[in-house]
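There are structures below to look over.
The same chain A turns up in both complexes below, where it pairs with chain B and then with chain C.
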Partner chain A sequence: MALRDRYYEHQRPILGTVSVIGFFLLWEWLLTSVVTVDPFFLTQPSKVAAAAKELFLGGAIWQDLAVSSKAFLWGFSAAVIVGIPTGVFMGWRRRAEYTLDPFFTALYASPLVALAPLLIIIFGVGLTGKVVLVFLLAVFPFIFNAFAGVKSTDRLLVNVVRSFGGKEKDIYWKVILPSILPYMVAGARIAIGRGIVGIIVGEFYAASEGIGFAISRFGDTYRLPEMFAAILVLMILAVVFTEGLRKLENVLAPWKIGQEAR
Partner chain B sequence: MRALANFYREREPAILGGGFILSLILAWQSVPSLVSLPQGISLFFTTPVEVIKAFHQLVVQNQIQSHFYVSAVEFIVGLALAILVGLPLGLVMGRSKILDAMLDPFVTAFNATPRLIFLPLLILWFGIGIWSKITIVFVGAVFPLLINTYEGVKNVDRVLVNVVRSFGANEWQTMKTVVLPNSVPYIVVGLRLAIGRALLGVVVGEFFAASRGLGYMIANAATNYKVDVVFVGVTIFMGLSLILTYFVKKLESRLSRWRPETAKNF
Partner chain C sequence: MVPCIQASDVTLTFRPKDREAVTAINGLTLEVARGEFVSIVGPSGCGKSTFLNVLLGLLKPDKGEIQLNGKRISGPGEERAMVFQEFGLLPWRTVLANVELGLELKGVAADTRRKRARGLIELVGLTAFENHYPHELSGGMKQRVGLARALVTEPEVLLMDEPFAALDAQTRDLMQTELLQIWDRAKKTVIFVTHSIEEAAYLSDRVVIMSARPGKVKEVLRIGLPRPREYEMRLSPGFNEIKSRIWSTLKEELVTRIGGDGAQR
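After this line comes the complex of A and B, so read on.
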């Protein structure tokens, strides 16, 4: 009876774990003892695990991850530095909003990835092209979330600061900044996904190193276990970052905020 | 003068917003006549007039139409498949606790990951024909649809469900009369997100593995330094996503007009 209660208490995590483990076991079992599949077409978890071990111990994947993260971090930081002030400015100055909003909305709604071939031809296959691509994709979530955050700032707080003789600077630092913080986390979550898209596309298209290049090279050479391992690494990273930020979002602002990804 | 000022004040957002975009285009157009570009940069430079000329030429040569047709087929078939799979799965996951708990880890993991990383694998499986693009569009678009449908089902008013249940409705009837109509606004939001992902899939899929389609046109033009053709393609994609987003947003505001107050104030 007690066991039954315990089960119902933790039903979700138990069922989730069971289904994930079951999925991998079934996959392994089907390919080893039920059907034989062309190894150039599909591989199985045990081989992927062996390949992952090889990649990590051999150090090959660290090099690729380092190259990709460097481009990602540069582009992402530039997006933060440019995006947040732009968004705050748009939210605080009505005329700036009128002027910039249609242009930015058009850019945010359109698949800017289409510019990737051009950027890579202009900036080369090295770091710069990827940084520009990541920046272009990641800057708009920051702009629009900072904008929405400022728009939702409590007018009362602004008036209080004003009444007590606060300057424009005080309003920015004491009211606007704290109130846009949760929006920034939401923006970062969306921007991370878009930034990874930028890295991947840049490296698929033209690169000689990086995690995206690794995935496409393993694909081209039919090394499926390595390819699955690299995909898995990227998936784990993406889940850790986005779910981590979602948790942070729930802590900072339990109500639902921010703009959804487009 | 007063009339002019009034005219401006009434339409300030439109004038400022439109004026900004127009002046950007004009500034872009006038760059070559103001500064002489060095050889290295002029190779990558084009002007809006050149882009329009290139567009006209491509239309005359019937190239745009054939590329557009391929991309449109990939987009529509992929999105349709995503709707066919995402909607029912979202509904079922929203109604069944056990299925929800079992599928949630997979949905979360795939949703957090940009699905474009599966492109090399999909090319390996489906070749460089139309099906690899349809599947990349599908995996891109299915998760926003599934998750938003799920959210819609989860946010259904419990009272309404209990009422139809009390009157003896079975699961299918509950779904049809209460759950589905209540989730429609959420589904439309999912559709808007899905359209964006689907376009992304078309563009990137055609970059790497295609011999036709607008994405292929862009990538091919870039390798041949035909920058004006690149911008023709980029502009078409921008225009398409703006038009599609506009219509879905219209639908969104239309559908959510009746919702919250009437539901809560009875």
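After this line comes the complex of A and C, so read on.
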């Protein structure tokens, strides 16, 4: 009975772990005992794990990770710094909204990765082009989420701050920014995914190092286990970022925790 | 002597972009003495809340003006503070930080405002909850915070916009009694908007009955009940008589309003 209770208490992590492990076991088993597929096309987890070990111990992947992360962080930070104020401004000033909205909506809806070749022409093969691409992809979720956050700001709270003598700047800092925080976290989740796409596409196109380059090089040379290992690293990074964000939200916005529980 | 509040011929029309203009108040004239407790009742949409927002300085009248101690009101000021119907607490701030808001906006030093906020929190009986967030509080507790927040800047005039309307009946009775005690001690001028005839009669020195939209003062009734008011007074025949007088005046306006609304829609 006690064991059963403890299971229910931790049902979520237990089932999650079991399903992930089960998935890999099933994959391994299918490819070794059930069907025989040409290893040229598909590989199994044990080989991917061996390749990953080799990549990390051999040190080859670290350099690629560092190169890609640097581009990602620069582009992402620029997206935060530019996107949030732009979205807030658009949400608070009707004229800014009407003026900027057509451009931003068109750009957000378009597959901006199509600009990759152009950016490579302009900025060359290197850090700058990738940073610009990541920025372009990641900035719009911040703009539009900040905008939506401002629009949903409770007018009553704005009036409260005004009635106590608050000025425009107080309304920004004491009402609007805390109100949009959850929207920013949601925007950041989308932006992380889009930013990673930017890095990979940029490096597929033209690069001499980086995770995207590694994936495409392993693919070109038919080294499937290594390729899967590199993709796995990306997936893990994306999950770590997204989960980190959720933790950060709980720290920054403790009032949200109780509200969601209700 | 100059009255504390003098509203003369206040007229305000809302002009929303995609709808017809609505004149919320039309030629409202009212004087309120210092330390007086005045309630405003009237049919829904008669501009009671609009009038409070003009008093608060958030809305500007198209015509007429309101003077406070002989000076025209042109914006929010520290002599006035509002208690809002929907509380209006900042959800990301604890009780203490919510109460500190007004002082913070005035630029009062952190330790001073903490001390003053704690004093007010104690007055409304929430000391044990000063580090709680609003969502952890009941409706009655939230409005105590709203009251403490309004009082912390030591305004002369307390504006209350249906402050107890969102509370259950018992909490409401309790809050009314506490408000009277606080008012008695602090000697504020109170303008109290309500839908409840009983509440208006129980709390006030005078009850202002407004006409249907566009609102103006239809009648002002002095409530002769002795102070301090006791809960038992509500059961007396005199109290019922006051209520029925307010009701009969108000009823004419409700009929007008329903008729007017029917024609509009």
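We adopt the following convention: the second predicted complex is superposed on the first by the 216 of 262 C-alpha atoms of A that agree within 3 Å, B and C clash if a C-alpha of one lies under 4 Å from a C-alpha of the other, contacts with A are read in each partner's own complex, and residues count from 1 in each chain.
The criterion applied here is as follows: a residue touches a chain if its C-beta (ideal position, glycine included) is under 8 Å from a C-beta of that chain, and two chains touch if they have at least 3 such contacts.
Computed from a prediction, not measured in an experiment: that's the story for all the values here.
Of the two partner chains, chain C is the only one touched by A:A253; chain B is not. Of the two partner chains placed by superposition, only chain C is touched by A:F164; chain B is not. Applying the stated contact rule after C-alpha superposition, one finds that A:I196 touches chain B and leaves chain C untouched. Of the two partner chains placed by the overlay, only chain B lies in contact with A:L234; chain C stays clear of it. Within the superposed three-chain model, A:G212 lies in touch with chain B and out of touch with chain C [touch as defined at top].
Contact with chain C, but none with chain B, is seen for A:K174 once the two complexes are overlaid on the shared chain.
A simple residue count on chain A separates chain B from chain C, and the partner touching more is B. Common to the chain B and chain C interfaces on chain A are residues 262. Chain A makes touch with chain B in their complex at residues 11-12, 14-20, 23, 40-41, 95, 98-103, 106, 109-111, 113-118, 120-122, 193, 196-197, 200-201, 204-205, 212, 215-216, 218-220, 222, 224, 227, 231, 234-235, 238-239, 241-243, 260-262.
Taken together, the chain A residues at the contact with chain C in this complex read 156-157, 159-166, 170, 174-175, 178, 181, 253-255, 258-259, 262. Those residues of chain C that touch chain A in the shared complex are 56-58, 76-78, 80-82, 84, 86, 88, 90-92, 101-102, 105-106, 133-136, 153.
Across the interface of their complex, chain A is touched by residues 12-13, 16-21, 24, 44, 97-98, 100-106, 108-110, 112-114, 116-121, 123-125, 189, 192-193, 196, 199-200, 203-204, 207-208, 215, 218-219, 221-223, 225, 227, 230, 233-234, 237-238, 241-242, 245 of chain B.
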